[in-house]
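Consider the two complexes below, in which subunit A is the common component and subunit B and subunit C are the respective partners.
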Partner chain A sequence: MTRSNAALLVLLVCLAALPLFGGAYALRLGTIACMYAILALSWNVVGGLAGYPSFATAAFFGFGAYATGVLLNMGLPLSLTILLSFVTSFLLAGLLGAVLLRLRGHYFAIASLSLVEVLSELVNNATDLTGGGMGLNIPLASGSGIMADAMFFFYAMWGILLATAVTVIAVSMSKLGFGLSCIRQNETASGMVGLNATLYKSIAFGLSACFVSAAGGIYAAWVHYIDPSDVFDVLYSVKPIVMALMGGLGSPIGVVAGAFLYFGLEEVVWRNYIQIHSGVLGVLIVLLLLFLPHGLISLRPGMFRRKAKHV
Partner chain B sequence: MSEGASEILHLDNVSRRFGGLQALRGVTLGIARGEVLGLIGPNGAGKTTLVNTICGVTPASGGTVTFLGKNITRIKTYQAARLGLSRTFQIVQPFAEFSALDNVAAAALFSQPGESLTSAREAARAHLAFVGLEAQATQPAATLTLAMRKRLELAKALAMKPKLLFLDEVNAGLNSAEVARATKLIHELAAGGITIVMIEHLMKVVLNVCTRIAVLHNGQLIADGAPRDVIKNPAVVDAYLGQQYAQRNAAGV
Partner chain C sequence: MWLTQVLINALVLGCLYACIAIGFSLVWGVLNVINLIHGSFIVLGSYLAFGLYQTLGISPWYAIIVAAPLFFVLGYLLQFLLLNRVINAPVLVTLTMTFGLDLILNNAMIYFFKADYRKLTLSPPMGSVSLFHAVVPIDRLIATVAALALTGLLYLVLRRLRVGRAIVAVRLDRDAAVLMGVDVKSIYAVAFGLGAALAGCAGVLMALVYPISPLTSSTFLGKAFVVCVLGGLGSVSGALAGGVLLALVEGVGTTFLGPEHATTLSFVLLIVFLIVRPQGLLGRKGFE
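== the complex of A and B ==
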């Protein structure tokens, strides 16, 4: 394991101590931060490693949220519903990936974006099952007090983040990660050396969906009420890409750092400039990408000293 | 030529159409085990298309391709690679960010079942040494010179343990010292028992290396046989070599 991957695991273990230092508000922030990190790490598998710019994150986030919501309403326990939406979204994304990932570049981006709309419309129209545009109420999972609930959902989201990180690190060190990297660099040559690119891309797409779906499920159980415009919000597709770019494409710790930085900026800007928060956030992101084009990961000790020599 | 037991590859009436363009017209050709076949012809004759058709990049629109007794007409490129059909590209196709070593390791890793990343890198080192790139093992492929990238292509193709190797203009763009070096490598490969099909424009190299020549013109096979006979064939002189070459050749220059 490389040093940066080990650092990522240490960072996540430290994050688990958050409840010792903060109240319900800190836990809420921590839960969202973990959720963002899951989305960004997942996107990184297909976008960063395989080089396919997917906008389908929101589709699987919404899929997981609704799958969990509907199953919870049927009386299944939360752990089982999360597991089911995890597995089904992996299979669904794998199948869709085999078709969608034949497209490349902009074409793939548009097709993956349309997936969000398609699922959103399906949910909107399946009124009997999902409540359609009226949204879906989800029974309280525990109801044993505000702090206990906040703690529970924080650790649930954190657990999924840890599983995502371990999986992504394992993938990046494996034959699969090596193959995805080949596909990103030269897909024609990948086929010529005997790499089954369709299979690899499908697995990558499946992996980029299943943890997102599980996070969507936790989110649904956490907020007790979901509707299509909330969980199929295209911002869930765009934000992970921005986070990954801010942190450093392809590097797991960079992506997680990017997610935390993005979320920090979002929260600070939102609290201080409520009227113009999207505008301010946009300017900050543009500035960051202009001055750190390779993301936070390029900020290494000694970098400024080296630069000074060439001035 | 009839399909015999000694044939490694057999094309039967293979054609390929791209919209209104008939790139290959009924090509029937057998390749014997251990042979070094030169595939020549003018630009646009269909040489690369023929290789692409065999390797599954652009499957045949008609006819059948048989490799080691197995019908591979509709095969996918990665399956062809695993069966032992490997090729180099006329326009080199490296994994640009990977080191030379990892480029070759990728070829070994994905073409051989059960290979691990560690054992693939091990094998890659030997192939890099064979083509004389051991000093560049850690260098990203994007930083190699054209001659080195062509040799890297060759190392990648060899790492796939090919039974049949297609060399698509490995000498194009190289200077004469580099051509001599590449020719020597091809001789060594042929001596090692790999069946080779080479697309080549340098007739000196073709006559030096090949045991047989096939000539394509407008997607049709117009000649096939021993090198000395083929270059005297009037149809080949007309379509490709030109009168000047034939006269110089006849004069023994």
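== the complex of A and C ==
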């Protein structure tokens, strides 16, 4: 295990102590921060390691939210529904990945983006099952008071984040992670040396979907009401990319740090300038890409000092 | 009877779709950038037409003449000052960059124009005409003709003018174009400017047909995606073919399955085309 991966695990364990220091608002912030970190880490598997610009995060987030919502309404317990949506989304994404990941570059980006549209439209039209555009009400999971509820959902989200981080670290140290890096650098060559690129990419796509879907499920149970334009919002696809770019593509600790930093900025802007918050996000994206394209991880202590000229 | 109506509607709508997509297709083909601001440019064009008609009484037909140079300058500057700096970066970077720019423009429009739906209504209304037993509103018909004219104009520019031939050369082979003395960065800016101008003009025409709101920009962008992929990238005839095909599929889908499934159908068609025939209806293989 490298030093930065160990640092990530330490950071996450420290995060678990959050309820000791804050009230309900801090717990709410912590829950969303964990959710963003899950989305960003998951996207990093397919976007950062394998180098495929996926915009499908929102599709699986919405899928998980709706699967959980519908199953909870049928009376299943929360843990079972999360597990079910976790497994189904892994299989679904693996199958879809085998087809979609044949496309490269812009074409893959568009196909993954339209996946969000298709799922959203399907949910929108299946009024009997999902309530369509009217949204879906989800029964309260526990009903044991506000603080206990907030605590429960914070730890649920945190647990999934921890599982995501451990999986991502395990992937990056395994043969799978090495294979994905090979695919990013030169897919044709990696095929030539006998790497089953389609299988590797499908697994990566599945892994990038299942934790997102579980997070979507927790989110749905947490907010008690979902509708298609909320959980299939394209911003759920774009924000993880911005977070990963902010922290540094491919590095798990960079991505999580990027997610937390992004969330902090978003909360400050949202609280103070609600009318222009998406414009501020846009300015942030543009500045980031122009001036810090490799993310926070590329910042080094001596970077801004003037370097000695060669004589 | 209804069949001719569906066909004529598809033809009219298809030409408008082609007009929406053609600037997007040009930018994608030449610069290899998916321009996510395109939808917001179209909406901005609609607001321009709306504003000119409401305040100065200038008819949308003349508003095109105002919109084209304005949007060209806007697009040129955007490419020259911002996008050219990241143009050689991977797909993800340029895509996210245009997404950021789109957020800024869209938020600015919501802030200044509000998110209310508006409609440009000509007074007196132009009425409708009967073509082969099918009813077509006249303003929509003129918008279609104007869309066709714009598309034809772009074709002429790309074939006849020196700068147009330079754009085509850059699209075919960038390195060879550089060796022939083409200034690629300024050609990029011109192509992006042209794309923006076409989006602005399309917006002016859309103001006559659709309600105007910043929230509709993603719908326009989605149509542009689908048309480009269906028709094939970067060619004028491809955009026309893709536009008409999309309008036909939507029209027939709406008639038989109901309007709520038309969007799903068009996106499923998009994914099928991406997998089976990524070069589009009229594109050549290996040219995408």
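Points to keep in mind about this one:
By our rule, the second predicted complex is superposed on the first by the 296 of 311 C-alpha atoms of A that agree within 3 Å, B and C clash if a C-alpha of one lies under 4 Å from a C-alpha of the other, contacts with A are read in each partner's own complex, and residues count from 1 in each chain.
Note that in this section a residue touches a chain if its C-beta (ideal position, glycine included) is under 8 Å from a C-beta of that chain, and two chains touch if they have at least 3 such contacts.
Keep in mind the model is a prediction, meaning the values are calculated, not measured.
After superposition onto subunit A, partners subunit B and subunit C are found to sit side by side with no clash. By the touch criterion defined above, A:241 lies against subunit C but remains apart from subunit B after alignment on the C-alpha atoms of chain A.
Residue contacts after overlaying the shared chain place A:192 against subunit B, while subunit C stays out of touching range. Annotation for subunit A, partner touching more residues between subunit B and subunit C: C.
Of the two partner chains, neither subunit B nor subunit C is touched by A:253.
Angle at subunit A (Cα centre) between the Cα centres of subunit B and subunit C in the superposed arrangement: 80°, in steps of 10. Shared-chain residue A:70: touches no atom of subunit B or subunit C. The gap separating subunit B from subunit C at its narrowest, counted between C-alpha atoms of the superposed chains, is 9 angstrom. Touching subunit C in their complex are the following residues of subunit A: 47, 51, 53, 99-100, 102-103, 105-107, 109-111, 113-115, 117-118, 121-122, 124-125, 234, 238, 241-242, 245, 275-279, 281-286, 289-290, 293. Looking at the complex, you find that subunit A touches subunit B at residues 174-175, 178-179, 181-182, 185-186, 188-197. Here subunit C touches subunit A in the complex through residues 28, 32, 34, 82, 85-86, 89-93, 95-97, 99-108, 111, 218, 222, 225, 229, 260-261, 263-264, 267-268, 270-271, 274-275, 278, 288, going by the rule given at the top.
Taken in their complex, subunit B has these residues touching subunit A: 55, 57, 76-78, 81-82, 86-87, 89, 93-98, 102, 106-107, 109-112, 116-117, 156, 160.
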